[in-house]
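Dumping the structure here so I can ask a few things about it.
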Amino acid sequence: MAFGILTRLEGPQTLGRGPAFWGGFLLVLAAACAYPLFADGYTVGNTVYFFTWVFMALGLSVIWGYCGALSFGQTAFFGIAGYGYGILTINFGSAYGFTLIALVIAVALACLFAALLGYFLFYGRIAGVFLGIVTLSVTLVLERFMAQTAGPEWRIGAARLNGFNGMSNMPQLTIPWPGGDVVLFPDVELYYVVLGLMVLVYLALRILLNSRFGNVIVAIRENPERAEMLGYDVRRYQLVAFVIGAALAGLSGVLYTTWGQYITPSSMGMTAAALPIVWVAVGGRSDITTTLVGTLAVLSGFQTLTIYGSQYALVVMGLLLVVTVLAAPRGLVMALADVLARPFRRKGEGA
Amino acid sequence: MALLETRSLNKHFGGLHVTNSVDLSLEAGEIHCLIGPNGAGKSTLFRLILGEHRPSSGTIAFAGEDITGLHSFERIRRGISVKFQVPGVFKGLSARQNLEIALQRRLAGAALAREISRLLDFLGLGAAADTPAGSLSHGQKQWLEIGMAIALEPRLLLLDEPTAGMSPEETHLTGELVRRLNGEGMTVLAVEHDMAFVRQVAHKVTVLHLGRVFAQGSIDDIVADERVAAIYLGQAHA
Amino acid sequence: MRKEVILSTLGLRAGYGGKPVLQGLDVEIREGEIVAIIGRNGVGKSTLMKSLIGLVPAMEGSILYKGAAIEALPPHRRARLGLGYVPQGRDVFPRLTVAENIAVGAAIRGRAEPEALAPILEAFPILKERWAQRAGTMSGGQQQQLAIARVLIARPSLILLDEPSEGIQPNIVQDIARNMVALNAATGVTVVLVEQNIDMIRAMAQRCYVMDKGRIVAALDRAALDDAQEMRRHLAV
Amino acid sequence: MDLATLLFSALYQFGDAFAFLVLSACGLAVIFGMMGVINLAHGEFIMCGAYVSVSAARAGLPLPLAVLAGALASGLAGMVIERLVIRHLYERPLDTIVATWGISLIATQGTLILLGSSLQGIGTPLGGFQVGAYSYSLYRVVLFLSALAVLAALYALFNWTKFGVIARATIQVPHMAAALGVDTRLIYSLTFGLGAALAGLAGGLYAPTMTLVPTMGATFIMEAFVTVVVGGADVFLGTAPAAAILAIVKASMTSWQGQLFGQIGLLVTVIVVIRILPRGLSGFLLRERA
Amino acid sequence: ADPVKIGVLEDQSGDFAVATIGKVHAIQLAADEINKAGGIAGRPVELVIYDTQSDNTRYQEFMRRVLQRDKVDVVFAGFSSASREAYRPIVDQLNGFAFYNNQYEGGVCDGHMIVTGAVPEQQFSTLIPWMMEKYGKKVYTLAADYNFGQISAEWVRQIVKQNGGEMVGEDFIPLGVSQFSQNIQNIQKAKPDFVVTLLVGTAQASYYEQAAAANVNLPMASSVNVGQGYEHKRFKPPSLKDMYVTTNYIEEIDSPKSKEFVAKFKAKFPNEPYVNQEAENSYLAVYLYKQMVERAKSTKRDDIRKVIAQGDVCMDAPEGKVCIDPKSQHMSHTIYLAKVGADHSITFPKVWEDIKPYWLGEAGCDLTKKDPMAQYTPSNPPPKN
């Protein structure tokens, strides 16, 4: 049985297999679990912050890296879920674990929107850069629209949309608990919840991508016409992948919103929309493990640069991006793995 | 009853009338070859049958059902399968995965794995099983695509120039394969310029010219037809 | 009165991603010859053609053209030295019209010269008929004809033809063979022909190399080409 | 108000929006539409053109020459960047998103570090003119005419010259173009340089009317991408009608409900047009013609 | 002695850098001066500076960092209101203490915050009546389409009405828009006596050049341009001719204190393009903080707020005398009316002294009694009770 699950976690669609990989995985997981015991509140909270973005990156990896449809508008789902969470919790508070329900509803809203948009796009056979630009346009429309909702007329119940300044002070996630709810501050409490979610999502995606579904979406990436001629309804698979990607972006949106008790239209703007693409591309888009590692690496790398790089930080970031793309065509993570594996390779193998 | 039947099928591209009132009827169990000059509309007819193009007018029936309005994947699910003129494989995926994707709608688990290895060996791709399909030679791609097409176990198999780029030996093997599949009950419609192949397999031959059915009959009838020689075969076969 | 060697390879190794497909291959083509290369699928025929024109880099060995080593030159320099290449799978420029495809072929010579164009359009009348059609919407065989015409227009001194008969209707295959032979007789153009179509080989080639696993394993003369038994044996290697 | 005045003002607003869309887009149309390179540094080429034009004008060059100098400088910068970076990415166009994003960061922040947070403007030349109750800027008319000239020149270049045909061939099937004797590296370099120069031209032309800051390119980006994509794959067929349609939408929405609606209208038009014509306008025009 | 640590989060790159690099320099200048003079209560001042890159998420990241990791005593942070709202929940959550040294739309009633920038009532209650008296009662507003612009426009509307004037038009411009031909025509059509331009960000500033090129020769009034983005220095004359701006500081102010300030500033930062009002706000904020810490004998926020509650935290800033209002923890200002001439030189037709940030207190915000940690607007005032 356990073996059965394990084989379903592996396959041609995901890197890493066998006892060595899973041993390493458990080791990393154990380290991640133990780490808050040794780190200060800032570091833990900051790590949670990095984790919140990972879901959106994984979602983009599914829709772009695996299914071949570049969505430039993942931030639209991020924003919808973030605002959704804000509106719900500002109106209904956090009692009785409602924040968790709000999380689910907010993600569902993002999915619903993605399903409508995806239907419109994929059933209209929009592909390639056209898809990218339409999704980008959607997120920009949302941004422009939300930016001008400063006025008092823009309110949903008790929640003011509050324009460009953004919506703030929504309740944080709470877990109902006998003898007092556990409020998930961006510290150890939230850390374990988000880490748990991340592991769950990662493993679930591995199973999904190595299933028949995963086979079909990579087939669509490689040659949609051929996939259709094998009897697959390409549009439906694309739509499902798109909705999965949106759900993950929405999850990121909710987590981000509770982390800083804040969500703003700029979260759906041009820069915000481009960032997930950069993380995913730098890590290596066609694998969720490289995406996960790459996203964390880019996020922490850029933050570190901003802290220590003074005015040169952005220049160095730019240079790093260019160099990475040139030197590591399959993404940063694979390039590193190649370098690390080099001493172990037998002589004469390859050239 | 005819397995596939097109009724006064027409297709225009702008001012170009590429398919012109084609009535083609395919009996279940036959191997039917479609020949004709370059640009006669053979591949276009395939695309119409597959639903890649919408006909300008006319209908297509498969096993008695009107499929003119169906999406391609729906037609495939009813039992049609195709190998295109330009090989359409999943370039970034291994040959093995290519076959898995074709087979997984029918098989799963150990049976799937068994069938994949069987097909790989059968197609002569055993050594190239883990090579990305994009790195295969032209002929190897052709074989792989034929493999994917037959993996669906269709009732009707469409082959567009299956032996292009194959050596005479391999062409012959392909012919034998087609006959065996036919023996197992598969109906085949093949486009080919290789007359040896046509002679080897065809029960019936249709000649398309300028989008119209120009001649129809046994291979001997066709080869003997001077008009066909004039537009298509040339002196060597006449 | 043996003619000069125009193109030869010596110990040529070439392939993809560091893995050689050609395993030290030697051929010698003389000026004005039509030489065929045969072999089963995947033995490296197309790879040889690509490395001759420069699309696959030589890893080892040399390619001499008119006495000069060209293995280090990029493809466009080789084309300008007079090599023409018709790839397997046509590779026409899909969103250019037929006319524009031909213009690109003629670009090395400046513009398409009418006196060069006329015989080509005569040989391939469909091209004239579809002069303004986008190449990507042409039928497979029409594209193949365009690919051949696109190279002829530049009047190369050596043409590399990779399975030119593929997808072309029988009578035009015969026409192409006849035209190439006539061209060869008239201008002395050298032709290297990769083919599976025995009829075409017989109609064109003066001799033939047999390839297997990246090497030349036999060289057949004209007599051997006409020997059906012999040919079948080699094609089935 | 009389009809002629009304008509002229409508025309002027349309022309103004049209010029902005076309000039923003044309450089991108060459680089993205022709080469498939998603150039997120497009705005920085525009900024480069603007900065060089203004500096040249300040140094005493007449404005038209200064604008050309800006275009030239951008073009050269483009060729250098093509050689150093873009050249290695033609096989994987999506990676150009990341690389050009990086270049854009370097360019904006580098400009800030080297030249400070802003540059003094040079003022709009030519003054205004009066039609009916309204006065207009004459320079805006020049912008409109420049947009038309650029469109015509591009169309001619890519359809009627040898360079144009070869460039399009190279971009479609590079290895085959090389095998036919085309120096594809040179063509890529020139094409990218041309795109960058057109961006620089836009920057130079708009420089007298705008704030000069390192991030100024950003205000062109959305319009540029939107126009190119609505235009579709064949940029020389698509850009002009795309800009025309978008300009009509933008100008009328803006005059009806203000700039917000102008912008949202623009984006919604993109979504609708692509949905109706999944290959953009040129895809539609070509299908009809075939 | 242990240093007093001040966190500084300002945009040194990105869109807002034009207006905000000077704020960092001003804080560095003040810190230097204070350290030379013996520090704050004998403790040296230490600055912990991060570049927030005009990016809200950087404010969130670094606000946590300065409070939790660097454990600063106070944070000086933010240019745009969005960035302030991005970090404010974190300041509240972590019980920090922050100065927002920027003019803004007003309304923040939050005990964790002190605001040294000017607010609309200070700038518009002075500017608009003066303009109406001089030029006429028909007013057109061109404003950035977000909180700052919308709320400022609301103030303008109210004040125009109170003074018997008429709004003949209002146009809102999304941030980042740089093309204004349609707005220019709308203005000509409405024929106002003057135009109130509340344009934010460098892209929107392009309006001035484009309006001038189209011969719109109307007087203009603003609370944000010139004082913040020094457009009169960046554009070629005479595009800002007849522009009137109320600001609590700009470098042309001709008082001895101001001249001394500018001189010190340019001596330390010779390449500084301009000393704007936010630079002065930031500079005086450091001195205000020094005073409060020394009087409270503590850097604890609660102790300092007790000092503020006494209502006499005042100082002589480069602009003149300023005081902190205990109810709102905003600041009173000297408001200068700056007029831009045809050659872009500045004159000051009028100066108002000690203009109080009255609205929040009158509307019901009283931080000495209750801390709602919220932002209010005239159309969304504090709940009455």
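Miscellaneous remarks
Note that the chains are named A, B, C, D and E in the order they appear, and that numbering of residues resets to 1 at the start of each chain.
Note that in this section a residue touches a chain if its C-beta (ideal position, glycine included) is under 8 Å from a C-beta of that chain, and two chains touch if they have at least 3 such contacts.
Bear in mind the structure is a predicted one, so any value in this text is a computation, not a measurement.
Note on connectivity: the fewest chain-to-chain touch steps from chain C to chain D number 1. By count of C-beta pairs in contact, B-C exceeds the other of the chain pairs A-B and B-C.
Centres computed as Cα averages put chain D at a distance of 36 Å from chain E. Averaging C-alpha coordinates per chain places the centre of chain B 74 Å away from that of chain E. Per-chain Cα centroids separate chain A from chain D by 33 Å. The set of chain E residues that touch two or more partner chains comprises 13, 145, 172, 174.
Chain B has residues 13 in contact with two or more other chains.
Taken residue by residue, chain A touches two or more other chains at 144, 148, 311, 314, whereas all remaining positions touch fewer. Of all residues in chain D, those touching chain A in their complex are 32, 38, 40, 85, 88-89, 92, 94-95, 97-99, 101-110, 112-113, 218, 221-222, 225-226, 229, 260, 263-264, 267-268, 270-271, 274-275, 278-280. By the touch rule above, chain C contacts chain B in their complex via residues 16, 38-42, 46, 88-89, 126, 137-142, 144-145, 163, 166-175, 196, 198-199, 232, 235-236. Put simply, chain B touches chain C in their complex at residues 13, 36-40, 42-44, 85-86, 128, 135-140, 142-143, 161, 164-171, 193, 195, 229, 231-237. Those residues of chain B that touch chain A in the complex are listed here as 50, 52, 71-73, 76-77, 81-82, 84, 88-94, 97, 100-102, 104-105, 148, 152. Residues 12, 212, 215-216, 218-219, 221-223, 225-234 of chain A are the ones that touch chain B when the two sit in their complex.
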